[in-house]
Structure formats: C-alpha cells, structure tokens
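Shared between the two complexes below is chain A, which pairs with chain B and chain C, respectively.
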Partner chain A sequence: MAQISFAHSCLLYASAVFLLCFQIAEVAALSVHGLKTLVVYDKRVTDLEDYSKFFNDLNKRSYELQFSSVNENVSDIQLFRGEERLFDNLIVFPVKSRQVSKGFTAATLLKFFEEGGDILTVTSPYGLTESVRTFLNQLGIFPSPRNHELRDYFEEGNTTSIHFSSSGTLNPTVFSPMKSANLSYEGSAALLDNRDLLIPIFSAPRTSFTKDPKGGDDWTVGLQGYTVVGFQNLHNARVSWVGSDKFFGNSHYNDNGEFVQELAKWTFREKAVIKSTGFKHKHIDGTSYDELPYKVKDSITYEIGFSEWNGKTWIPFNASDIQFELKMIDPYYRLKLLPVRKSEEAQYYSTGNFMLPDHHGVFTFLTEYQRSGLSFVTEKDVKSIRHLANDEYPRSWDITNSWVYLTSICSVIMAWILFVILYISSSSAMNVPAEKKIN
Partner chain B sequence: MQLSRLLTFSLVSVTAVLGIAVKQPHISFPKSDKRPLALGPITHEFVKAKKPITCDLPNDTVEFGFTIGADEKPERAFLIVGSNKHRVEIPIKPTIKNNGELSMYKFSIAIDKLPTSLIHFATTEKESLTASLLLASENGGANNVYVELFDLNLVFTPEKETSLPKRFGALPEIHHIFHSDPKMVSPWFAQVFSLAVIGCLVGLVLVWFGTVSFDLRKVTNSIYSLGFIGCLIALEYVFCQYYLGTSIFKTLRDTFYIAGPGIWLGSKLLSRL
Partner chain C sequence: MPEAKSYNLQWLQILLKTAIFLAITGAAVSSRLFSVIRFESIIHEFDPWFNFRATKYLVSNGFYKFLNYFDDRTWYPLGRVTGGTLYPGLMTTSAAIWHALRHIGLPIDIRNICVLFAPAFSGITAWATYHFTCEIKDSSAGLLAAAFIAIAPGYISRSVAGSYDNEAIAITLLMVTFMFWIKAMKTGSIMHSTFAALFYFYMVSAWGGYVFITNLIPLHVFILLLMGRYSTKLYSAYTTWYAIGTIASMQIPFVGFLPIRSNDHMAALGVFGLIQIVALGSFVKSQVSWEKFKTVMVLSLLLLIAVGVSGLFVLTYFGYIAPWTGRFYSLWDTNYAKIHIPIIASVSEHQPTAWPSFFFDTQFLIWLFPAGVFLLFLELKDEHVFVIAYSVLCSYFAGVMVRLMLTLTPIICVCAAVTVSKLFDEYLDFSFLCKKGSSEGVSLRDRTLTFITRVTVCGSMLFYLYLFVYHCTWVTSNAYSSPSVVLPSRNPDGSPALIDDFREAYYWLRMNTAEDAKVAAWWDYGYQIGGMADRTTLVDNNTWNNTHIAIVGKAMSSPQDKAYEILKAHDVDYVLVIYGGLIGFSGDDLNKFLWMVRISEGIWPEEIKERDYFTPNGEYRMDAAASQTMKDSLMYKLSYYRFPSLFNGVEGVDRIRNQRIRQEDIGELDYFEEVFTSENWIVRLYKLKNPDHLGRDLRAVGDFDRNTVKGLKKRSVKKPNLDPRV
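Our next item is the complex of A and B:
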C-alpha cells in the first residue's frame, strides 16, 4: 500500500514537473523577446485597481510586471544598469509631474527603444510628463498640450466621451477590422508627422476636435487627430501611444478589452512578427555561385522562406506582395516573389527563372519586406557578375557580316600560294646551267 | 436678372435646422466670371449637389457663404475639404461678419493653399474632393449639422509635379531591358558577296594560266621549291590554327620552327631563280 502511494506520489511529482516545464517553455515562447516589464505610474492620476483587468490579462500571459510609482522611490525607476537594459518592456501611465527622474528622460527612453525595448505609452489630458512628450515628439507623435481634451459635439451626453467602432482601424495587422467592437475613449488626440515608420491605428472621429476647455486654438480638427498610434523602428522595436488612460480602465474593459489586449500583443511583439528563414540563389541547373560564379546573361533563380510568430511557434507566413530586387546602385530587377513550397515553419517564395542583366559589376541580391505593422525583414547578398571572357563571345563564322572577309582571306592565301608556285614554275632561270650562271 | 433670380431662390431656400436657421447658402467664384450658385435648404437630409464644382486654374478660389441669426451662432463652424477615400482633409475656418441681427459666414477654398496630397488626389488620380459643412455647439443635440455640400473637381495640371509622402508597400515591378543583339546581314546577302570574291579569285587564276607559260616540273624537280612552298602552306596552317583557338604561344613557337627552314629554303630557291 505504501509502495503504491509512493509510486502515485512520484507520478504526481513527475506530472507536476512536466507541466511546469511545459509552462516555462510556453512562457518563454510567448513573445519573441523577454517579458520583464516595468510599469511606471503616478499615484495622483492612476489608481492601479482601476486597471486590474488589463494587468490581470498581462499576468495571465506570464508577463513579469514590476510597478514603480513616480511618487515614491523615484531613484528605483531605472531602465539601465550601466549599459545593461534592465527590462524588455515598458508601460508608462500618465504622469502629472514635469520631470520623473534622472534615469527616466527622453534620451533614456530613446536609448531603451533603440536597443530593442518595447514601450506602451498612455497619456491623458492631465498627465503627460516632458520626458514622454519629448520622446514621442522624436518619433513624430505630437500629443495635444496639457489640459486639451478630445471632444465631439455630435456625441450624445458627455462630449468628451468618444465612441468609435473598432472596424474603422487604420491598420488591420494590429487589429483586424473583422472584430467589431464599440470602443469608448476619453482623453486627447495627437497630430502625426509624415513618416512611414508611424503606424496610425485609430484616427479621431470626423466631427471631433481637441481643445483646451478654457480657450485657445484647436490642436486637432476631425481626421487630423489620432487617438491610437504605433511606431516601429528599423530594429523592429515597437512603441504604442494611446491618449486616454480610461481606455484601459476596468469601466471600459468590456468594450475595449479585446482591442487593448491585441494592442499590447502587438506592442510587445507577440503578434505581427515575421522573419526570414534564409535565402539562396543558384543557376537554373542547380549549380551554386561558389561552384560557378555568375556571368552576364546567366539564367538563375532566387528563393527565400518566411515565417510568422503566432504566439507559440513559427508558422509559414503567407503574403502576395513580397518583392526581390537585383541592384547595382539602382534596381535592375524588381520581381514579385511567388509561393513555391511550404514546410512546417516556413513558406518559400521564388522569383522563378530570370536572366541576369547584360551589365557586369557587383550586384546586391535584396529582399526588403517592410510593411506597416509587421516586423521588417531584410536579406541581402552581394555578389559579382562577371563579363564574358574573350572565348565566350560568338565566333566570327557565326556572324554573317564576316563571311565576305573570311572568304577574302582564304582567297588571298590561296592566290598567294598559287602565285608562288606559278612564279617558280614559270621562271626561265631554273633551266640555266650552273656554270653559265656563274659567268 | 440673374442676380434677382438668385436672391429669390436663396430667400426661398431659407432653412431652419430645428434651432439653427441657415439662410442663403450659396457658392461664388471671386476669381472667375462664373455665376454664383445657390444651394438648397441645408438640413440633416441635405443631398450633395449633383454637379461637381470645377476649378480650372491652380490659383482659383471657391467661396461658400451663408447667413445665420446672430443669436444662433454655433460654437464650431468649419468647411471641411478632403478626400473621403483616402481620409485626408483640411478644415477651413470661416470669416464672420456681424451685421446687426445677422451673421454672415464665408468660407474661402483657395486651391493653391490646399495641401499637396489633396492636389495630388484631385489632379493626378482624378478624384473628386468633397466639401462638407460642420456646424455644432455643445449640447446642440439635433441642431448640430454635418453634411456633404458639393464635390470639387480640379481640372488643371499643377505647376509643380505632386507626389504623396513615402509609405511602405509594394513598388512597381522592374524588368531589365537588355541591349538588342547586334544587327547582321542576311546569310544570302553575305553569300552573294562571298561568291563574288571567289569569282575574282577564279578570274585571277584563269588570267594567270592564260598569260603565263609555266612548267610544274620546275617545281617538283627542285627540293628547295617544294620545301619552300611546303613551309608557306605550313605557316598558313599555323595561322589558321591560331584563328581556330590555338594559343598565341604555341602559334609563335610553331611559326619559329617553320620560319627558320622556310627562310633557308627560300634563300636557296631565290639564288636559283
């Protein structure tokens, strides 16, 4: 009986260990980078209890949240220890004071972002600290000044409580327009710079405007204003800005919850992450470049694989707009890549056969897939394409123009030999006796 | 006459949008001799003008105006011009003249002051811009109006080439254009000239045989003449081999081997001629 109990215990223990290992593996695999997250907030503006649903969702997805209030232990708010980045993600809730700490400046935020940290910034008309504003301004996001509120006189009841449908999303990668929800928003709007790295997600309603209730000019009017904006740098780190803290609150979570989670997933790289599984190019008969370097007008083929992160594993990434470029300063070819085969992890795309240009030089074989909302993929390979060797041009007898010259040369040779023979055979001196010739 | 008809129509089209009474809505063209247009009553059910307004000059101006009771002035009045398809628009503020109990609102759409992207959509992509009117006040409720008034077609070529800001997306495909193959004459044409050359050779040989008396035994009886002619033929053979691909070094070596005996045989032969 004791043995059975011991065996049962062992089995339970083994199961628990296996489950733990599985969960650890799942946690580690949730995002393509770490889950250590710092949440910076201001107690005067934000009561964390009001956002418990949002944080619970993050906790369920195994994020390691560390909360730091700007009102106490300001020195604890450090993003770096020396050159080491201490967190993978940063969530900044509205902060009322102008400055936070020496370790939390616009320059630090930029450094954190440039070195691969993802940032979710939430501001409100009454909570936008200078470091966050300057950081956002550097990215081309210009939130309205303090006290400016987004209003819409066409809203029933409270004109600062704006409602819009999630189907109006400007970026289907971040949030699918097929998922319909009526979002509630109460905050401010931002103007955006004209940059392709910016990812507008929701604009303000057409009839809305952003203005200080005490007076002054409008900051935004209608579609000029944006309420949710993303930004992805060339290292694929992401920033999101939302101009409403109440947007994340428990009171609106039934309406906004799904979108908020999708936005967090996008910002912290749980979704819309793609990568290349590698590329190769070769002669159409399968010979590689190393075996036989390319020369002008060779026929070759190029292939590249793409994978997408689905939150658990890498799966084939399907797209119809991936392009390949063959460049030497300017592109000589820009070809649409077509799907050719698929593995468990990757979808492979190919140019099919194409003929190298009739220019020799050092060319770049480039696939640069940059789409708003998706992580950027760049694969390039620099290879030289040689010109024809002197024995690789067509021979003169292949050129009809030369036939007359070849015939002429042959005729001259024959005439010359015949002339010599005739000259010798017609010479009278050949019969003259030797003794007479001496005289 | 036209003016009186316009005024009559405008007065008839006095509109009461519940609380706000928008009077005499009309479109005018201060920089051209086009006649002003009166619009129908502006309500929530206002139907956008069927005919678009056409601007054929880059510096054209279209004005939209109306009158409203001074005590009914909305907090917000904007004419919004933009592209519905691309969700790009610009709000235009009115100039307001107060004249006793009436306030006259005038919105001026200066085409040359529109954003470049709107000019691009309207001229390059031939898209109509839409002008919408927004009149609203806090707690205005049903009095607030947001209606599309008319379309604006820009039918001129911009003085400067317009373009849109750079955005990620697929670019136009490029295929390398190869140099055309070198032109060659047709084979029959080359053959005709080759035959002509052969004809000349045959003619030359016939002339030689006809005019010169020769005895081939003089050649065959002399070892020097046979050797010399053999060297000549061997040299031509070496040159032909070079033409067919033999390296220059082998050609020079073979030429050297043949030239020595050839010179010696030639000198011997010449001394006997």
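Our next item is the complex of A and C:
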C-alpha cells in the first residue's frame, strides 16, 4: 500500500510541478515536469560539436541545458543542494575517469532518480564511469565492461558498426516509427535481469556478441544483449540507457534522429505519460458511499478517468485493457473498464452496474494500470461493505416456504384457545372421579 | 434467624438487617475501589477495552446501529459483525444507567460508569446470594453468605473497579436466576419461574457462561426425577422456565438458533421432554393399577431411550445439531485443547487451576465448603440437591480452567455460610446461662464446660472470620487491583513506581500514524490497540477466526522477507511487539512465541515446524545456541533489534530468559524500520518499509546501502549470473 501511496504522491507531485510550469511559461510546457537539464560529459571522449543536432533538437523544445564537463570544476557537478533537487533531467555522456565527484556517485544518482529526476545515460566501451555502472547495475542493467565491443561478423565492412531496423523496436509505446529507418549503432551491449520495471527497447542483432577484442569470455550473445533499454521506477521517473555515444552523433543523425528524439521525449516524460483524473463509485441510483454505506449485494458502479499528456496538454487516454478489481486479499471481481464518456481532458471508463459480492468485509476498490512504457497508475480506495441489518432480511411471510410453519403455529394457537374455552365452559359438567385412584 | 414474635423485635430485626446489608455493600464496593485509588479510573486488561469501546459506540449511535454494528477496524480485512457476535447485556445495562442518570440531571462520563460498574453490581450479588441462601437454610446463613461473596477474592478478581467485563454482571445475574429458580421450584410459582426465565434471558444477553445455567437447572430437575421427587410444582417451574427462557434467549443475535441446534443445549431440551413423559406417567399412574403401570413404564422407557439416543446421533451426524464445541471438549480432557486447538490452550485463564489458587481465592471458605456440602446432604431437601449438583460440577470445572473459579466462588460462599451458621446455631446459643434453675440435672460444672467449649468454638470461628477479612483485603489490594495496562513497580530506593509503557506506545500510535494505518500485533493486544490507539488491527482477543490469527503467527515466525510478503498482502503498516527482556516483564511476546508457532503450524504444517525453534537439545533459547530458524524469525529480530546497543554493542542480557543476546545473531533488519520504542522497551513498534522503487528486494537494498556506507567498491567487473530474459 505504501508503494501505491508513494506512486500516488509522486503523481500528485508531478502534476503539481506541471501546473506550476504551466502557469509560469505555457510555451515551455513540454514535459509533465520541468525542463532544467544537466548534461555531464567528458571532454576526453566527447566533443559536444559532434552532437549539436541532438542538443539543438532539445533546445528547440525549450530544454534548459547546462553542460558540465568532468574535466574541470568537478565540484560543480551537484545534483542536490541540501535536500533540494537542482535539475529535472540529467544526461550523462560517456565518462572515462573512474570517479567523478562526491556529488555524483551511484547513491546520489539513485536518490535523484527516486525523487523523480529523469536520466538519459549514454555509455561507450571507453566511457563507463563507476558511479554510472553501479547505478545501472542497481536497475538490473549490466553494460559490458570497459573495452568490450559489440560485434557482428555478418555486418558488411566495419564489424563493430551495427545496423538494425527501427521497426524492430521491442516496445511500441516508447517508440513506433513513422517509417522504418536503418539505425546505426557502435558501442557496447548490456545484459538485463528479469525485472518487470525494465523496458527493453532494442536488442542486439541475433548474430552479434560482445567481447573484449583482447580476449576473455563473451559478455552478451545474440538477442540476450540489449542496445537500448528504458527503465521506469515506481515513482514514474524514467531512465534510459544507450550503449553507444555515436548513436547520438551528427553523422548518424539522419538515420537515428527520429528515434533519438523519441527516446529523449520518452525519457524526459514528454510522451507516454498518463494519469488518472480521479475515480468515483456510487450506488446505481447516484447516492454516494458517504450518504449510504454499501452493504452486501448492493448494485454499484465505478468510474475512472484517464488522461494522457501529448506534449502540450492533457488529452483523453484511450485503452481497451484497463481493469478494475474489487478485492479483499483476493480479487472478488476483475472487471474490464469500458469507455463511457469523454471530456476535453479525460476519457472516462466505467464498470457499468455490478452487484457487490455476498460477503461483508473491508474491500479495496482498485484500478491498477501498469503497462511497460506508460506511467503507472494506481487508484485505490478502501471501503467496508457491511452485512445486512436485522431488519433487512425478508419477513417470514414473504417466504413461501414458511407458510406451512406459520399455518401450524396459527392452528396450534387456535386449538389451544378452543380447548381452553371448551374446558372452562364444560368444567361444571365434568365429573372428577376423585375416588377412582387405587394404589 | 428465627422470626421474632414481638412487633418491636421484628422492627429491630429489619433495622439490623438493613444495617448489615448497608455494611456489606459498603465493604463490597470499597474493597473493589483499591484499583482506582492505587492507580486511576481506567479500564483494565484486554476484554474490558472492547466492552468499553462497544459501549461508547452504543451510547453515541443508539441501539439499532449497535445491534447491526459492523466493525471495519478490527480483523482487517474481514471486519467483524460485532453487533451480532457480542453479548450485549453489559453494554446495554451501562448505557441504560448512563441515560437514566442523564435523565435525572446527573450527566456522568461513560468511562466512569464503566469503571464503577462491577463494584456497583457486587452489592446486588450479595443481595441475591442472601436470598438464595435464605432458601437453602435461613437468613442468618444468608447474611453470612452475602458477607462472604461481597469480599471473596475469587469473585473480586473479575469485578474490581475498571474490570468492565461480562463476568462483572454475569455473576450477579447467575445468582439472581438461581434464587428465583429455587423459589419457583419450591413453590411451583409460575411468577417466580418466569422471573427466573427473564433473568436467564438477561444472563444469556450478558455472558457466554449462561450455558452453565442451561445445563445446571435441567441437571437439578433430572436428579430430582431420578430420586423420584417429581411433583407438579417441579413440572410447572421447569416447563415455564424452559419455554420462556429458551424463546427469550433466542432473541440474542449471537445465540440465535443455538438452543435448538447445539449439543450444549440439548440437556435442557431432553429434560423438558423427559418431564413431559414423567408427568404423563404420573398421570397414568394415578389412573391405573400398579402392575399395569409397571409394564407400560418399562416398555415406554426403553422405547424412549432408544429413540432419544439414536435421534441425537442421527441429528448430529447429519449436522442438524452442532457437535460439541472445542471449549466443551477441553472441559473434559485437559489435554484436548493443547493438541487440537492451541488457540484455546494459549489463553492463560484456560489453564488448569493450581491448588494454591483455591486457597488464595477463597481462603478458609475452601475447607468449610465440603463441610457445607455434607451438612446439606444430611438434610437433602430438593433445593439442597441443587446446591450439591452445583458444587460437584463446578468444583470439577474450576479444576480444569482457572477462569471457572469465578462460578465456583458463589457456591463456596453459600456452602461455607451454611457451615458457619450451623456452627453458630449450635454454639452461639448462650441462653442456657440465663435459664437459672430451670433444669435441675445440669450441674454448674457442665454449664461451665459447655460455656468454655462454646466460647472456644465461637472465638476461633470469629478469629477465622477476622483472618478471612484480612486475607481478602490483602489479596484484593495486592493481586487483583492492577489494571495490567499500567504495571506497578519499585524504584531502586523502594518507592513505588508505575510502568506506563503500554499507554505511552498506544498514544504514540494514536498521534503519529495515519488514521487508517493497520497494525499487526499478536491477538492479545488487539482490543487495547483498538481501544487506546484507535487503529485498525488484524486480529484481536475475540479470536473468532483461527486462520487469521495463524496468519499473524506465521508472519511472526517467518524470516523477515517472507513475513514482509505476508504482512504486505494484508496491507499492514506497523508491527507491534511486546518485549520484556530489559525491564523484566515476563508476559512478553517471546514467551508467547511458541503459541504463535503452534497455531500457525496447525494451518501450515509444511512451512512452520515447532521443532525448528528449539535447539538440538530441545531447549527454548535465545542466545548463541538458539536454532537458526529462531534467529531468523521476525519475532526474534523485532524483539532484540538494537538491544545489545544498550549494553556494549556486542552482547545484551535478557533479564527474563537470563540469556546473552549477541548482535551477530540479531543481524540486519532490512524490511522493517523501527519507529518507536517505549521507555522501558516493553512496546516496540516497527514500520514496514516501502517496496524499493527500483523493484529490488529490500535485503539487496540494505546490502547495497551498507556497502556504500562502508565504501566497498568492486574492483573487477564480473559477468552477472542472470536467467535468460524471455
């Protein structure tokens, strides 16, 4: 429950931030949260000029980018000032050095992520700093170590330059291409564990593997290696990892540009962000729980609204796989929510009328919509369903079976009265044979 | 006390009786006020807290809502149909008193009414016992019995101020019912027997122990029938009582159809049938000759017994009559509960009584009791049969279960009063001194000797009575007046001190947690958490659902990761444990822990095994020698978490179990965080941590955080051992 309340509060927080941004600068409202972004890079591996197209696109979408290289003023790279989170987003380019700074450790990255900061991590076989690796490992992403390269001997020409089609995406929510493009990728691949929160976006080609050219074991083989991976935590913050810095480079931008932008949009929550606009459940005649608490076998209806962020505003969110659960430890009902009405902002879904189970107890009215790639929505309400009160059962004469008993009761009463009357009226005539007793 | 002839003497007698009664009531009430004086006006123990909460609900919501009260703050998430599963007599009585007092312009806080309820009713008990004993012997025995019951510790144990329990009113009603029954049986008066039935109904509405009356009165009638003492008086008394009493008792929702469906009530029904047959038989007997009657009787008896017994078996077999309940079996076989229903055996008041407690609870009455029974045997009137049946049955039951001492106490008082008054009848008679010269044969020497004997006997009896009063006062003030919510203790310098950890912790819960927070604790504390902390509990002292209790027991006996899963599935936010190892409070959860294990083993024998919690030598230990299962269990960890830090950080000394607890055995607590520990560490509260936002298990999170703090870094990067992703 705590998890849910956390997710809920995170959602609230996110929407509060959003509202704030909305009021301050309507134009800037691209993401559901702020756009203040820190870019951490290493001058030794990264020349920012090579990525100008990528950053220009971000700038065009009014991101406030702040570039910090790890080569000078390392102490400037601070994600927090005291308890306050300084940035909304973080982009980490490959960093060659083992350590960056005290303000940029795996623990601070985890904290940044936990508190709702989105992170785009780019690593390369030559730039994978310890803090980023530890951070990714905690997420269940295990990028290949230093010097390991993704290779594919079926590639023509350079075997380290991998090509795969953008239509092979593993998660259409994060990215579904307008037209298929051939993405070029050069770098490392990662192993993933089986966590549900991981969102694989592209796997390495079937014929590829990751290995240190100097020898050693394979790190990944074939489809078990992944090149682009997303992750969304329970607070709906997102991380994505790409094992190739050249992937973002200007040279490949014609091919990769569309995907890279979509990935950035997903990571920084410009898209695939949904929320619930609130739920309502009530008796079918419209009386609410507060006016008349539920009792067993009452007919009620449940309605919930869903909105999706389209980059400018909240629009109705359409889906056909949202479910409602009425549960008390185990679900008593699992009902498909069907669209009923629409407002400008939200699509409303309803269970229609249904009858509460013939079982009293404290039930949870739960809508849990957690789909890989979309933000998680959990709406939960704990309400008790009482038993029938003593006067809410049908009266005995309403039950036809009881008529035979009622008749017998009545007849006994009548017979008794009759007997008493007869006895009293005839007692004077009766002769008590007192002397008959012999023994 | 023989009725005086002269008018003036009669007045004097009435005056004296009134004075004596006032004194008895005064003694009864004042000795029960020790708890208020020593501690404060507070509801005691566990069950009273529920009764108090239910009474408050009744007072603020009215009877209709109370009758249909569905409590969603206990037994989460099942809830409890409280209105239909309680005995409403106690609550309705105190609510009636509250309303009545308010009506006459005396608005009194409902808590004070509840606290002073039991002392007030003890006065009425004394009055009922007086009348009961009057029927058995005479009014002098009655006055003695009233005085005894007023201060006997066996009854006081459940009726001190603050002990707002069903028994507080039930013993009063028990005695009133019996009083009316004896009167009805003696006179055949329908009015008295209707009163007996009405008070029986009141008793049914107040305490589950009404089954005792349901069985004792039929037993009395049955014995009388066997003794050939059938009379029309008995017939009219019993049939009236049974018909009205049964129909009335079925109006209590919790009882419902039990009187015609449960085996516990079958005796009453059977005797009701039997007395009809006997009535018919005696009618036939009066009409026909003896020889004819004999054959008719033998044949019909055989037929009836066959039909009756086979009918009972068939009905029980097909489930029309509920089989005997577990509590009933445990009355006959003291080991039954321990094997089959650990939840019943785990209650301390269901344990067999130790011999000293008989003396402790009734002092010299206990040895006068058999004498009284013997004296009644000598006379053996119809009503004496009742007292004898009561004594024999209850002596047995009191030996089986401590709590049934309570029902034995009244009859002990009655029998002892019969003995004492008989003794005084014989020996307190000094009239021979005045009859000078009337009897020539009695010499001065004989008279002197008689005088000395009588003075010795009366003097020693008076001394015993004095000792009795002294003992009762001492026991009441020292043993039975502690509210058990607040524990008495002594400072190092010997001055009295109070340990108030329970209320401290409950108050913390009340002020610092969400209103709908769910607290998991062993069921003993359910009512207190509900009453004092006002938080939702999983299980409480009602113990109606063994499986639900076993769930909590399983969580407490499992390693923390499993326990976390179980508790999360039940939406638990906090876990409360009682730990007495620091202050020396022996009633803590670790001492009850084996019951948790046993109860959950009853449901999940594959997962929880009692043997695993003992050392290989079969010892129940907490120190380095404890078994790994014990060290892993949640109860162990929650009890001892941070405990060694009070000592040297390595090893702590548990004062209850006299064992050294090592830090390395306690280990890390990754799934729970400590939020509150009371002053003397008696109550410890833990919060369930939120699930990790990254989906890691919490142990991994804990390990990661500890390594980060230590600054451990992996130098070489090894390929992780992962399952293939599908």
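The rule is short, and it goes like this: the second predicted complex is superposed on the first by the 394 of 439 C-alpha atoms of A that agree within 3 Å, B and C clash if a C-alpha of one lies under 4 Å from a C-alpha of the other, contacts with A are read in each partner's own complex, and residues count from 1 in each chain.
Note that in this section contacts are C-beta pairs under 8 Å (C-beta built on N, C-alpha and C of every residue); 3 or more make two chains touch, one makes a residue touch a chain.
These numbers come from a predicted model, not from an experiment.
Asks: Clash or fit: chain B and chain C on chain A?
Replies: fit
Asks: Just checking: does A:341 make contact with chain B only, chain C only, both, or neither of them? Give me first, second, both or neither.
Replies: neither
Asks: With both complexes superposed on chain A, which partner does A:329 reach: first (chain B), second (chain C), both or neither?
Replies: In the superposition, A:329 contacts chain C only.
Asks: In the superposed arrangement, does A:194 touch chain B (first), chain C (second), both or neither?
Replies: In the superposition, A:194 touches chain B and chain C alike.
Asks: Name the contact category of A:312: first (chain B only), second (chain C only), both, or neither.
Replies: Touch partners of A:312: none, neither chain B nor chain C.
Asks: Taking the superposition as given, does A:43 touch the first partner, chain B, the second, chain C, both, or neither?
Replies: Neither partner.
Asks: One more residue to check, A:425. First (chain B), second (chain C), both or neither?
Replies: Once the two structures are laid over each other on A, A:425 reaches chain B alone.
Asks: Quick one: classify A:107 as touching chain B (first), chain C (second), both or neither.
Replies: A:107 contacts chain C only, not chain B.
Asks: So, A:362: does it touch chain B (first), chain C (second), both, or neither?
Replies: Only chain C is touched by A:362; chain B is not.
Asks: Tell me which partner A:413 touches in the superposition: chain B (first), chain C (second), both or neither.
Replies: A:413 sits against chain B, while chain C stays out of touch.
Asks: Quick one: minimum Cα-Cα distance, chain B versus chain C, in the superposed arrangement, integer Å.
Replies: It is 5 Å, taken between the nearest C-alpha atoms.
Asks: Hey, what residues of chain A end up touching chain B and chain C alike?
Replies: 194, 196, 224.
Asks: Which part of chain A faces chain C closely enough to touch in the complex?
Replies: Interface residues on the chain A side: 1-3, 6, 105-107, 110, 113-114, 130, 133, 137-140, 142, 145-146, 191-197, 200, 217, 219, 224, 231, 233-235, 328-329, 360-364, 382, 384, 386-387, 389-390, 436-439.
Asks: Would you pull the chain B residues touching chain A in the complex into a rising list?
Replies: 75-76, 78, 80, 82, 87-89, 91, 134, 136-141, 144, 146, 165-176, 178-179, 182, 184-187, 189-191, 193-194, 197-198, 200-201, 204-205, 208, 212-219, 222, 225, 228-229, 232-233, 236, 245, 269, 272-273
Asks: Where on chain C is chain A touching in the complex?
Replies: It comes out as residues 64, 67-68, 70, 72, 76-79, 81, 84, 253, 285-287, 289-290, 516, 568-571, 573, 688-696, 704, 708, 713, 717, 719-720, 722-726.
Asks: Where on chain A does chain B make contact in their complex?
Replies: Interface residues on the chain A side: 151, 153-154, 156, 159, 170, 194, 196, 203, 206-207, 209, 221-224, 297, 321, 323, 325-326, 331-336, 355, 357-358, 370-372, 391, 399-401, 403-404, 406-408, 411, 413-422, 424-427, 429-431.
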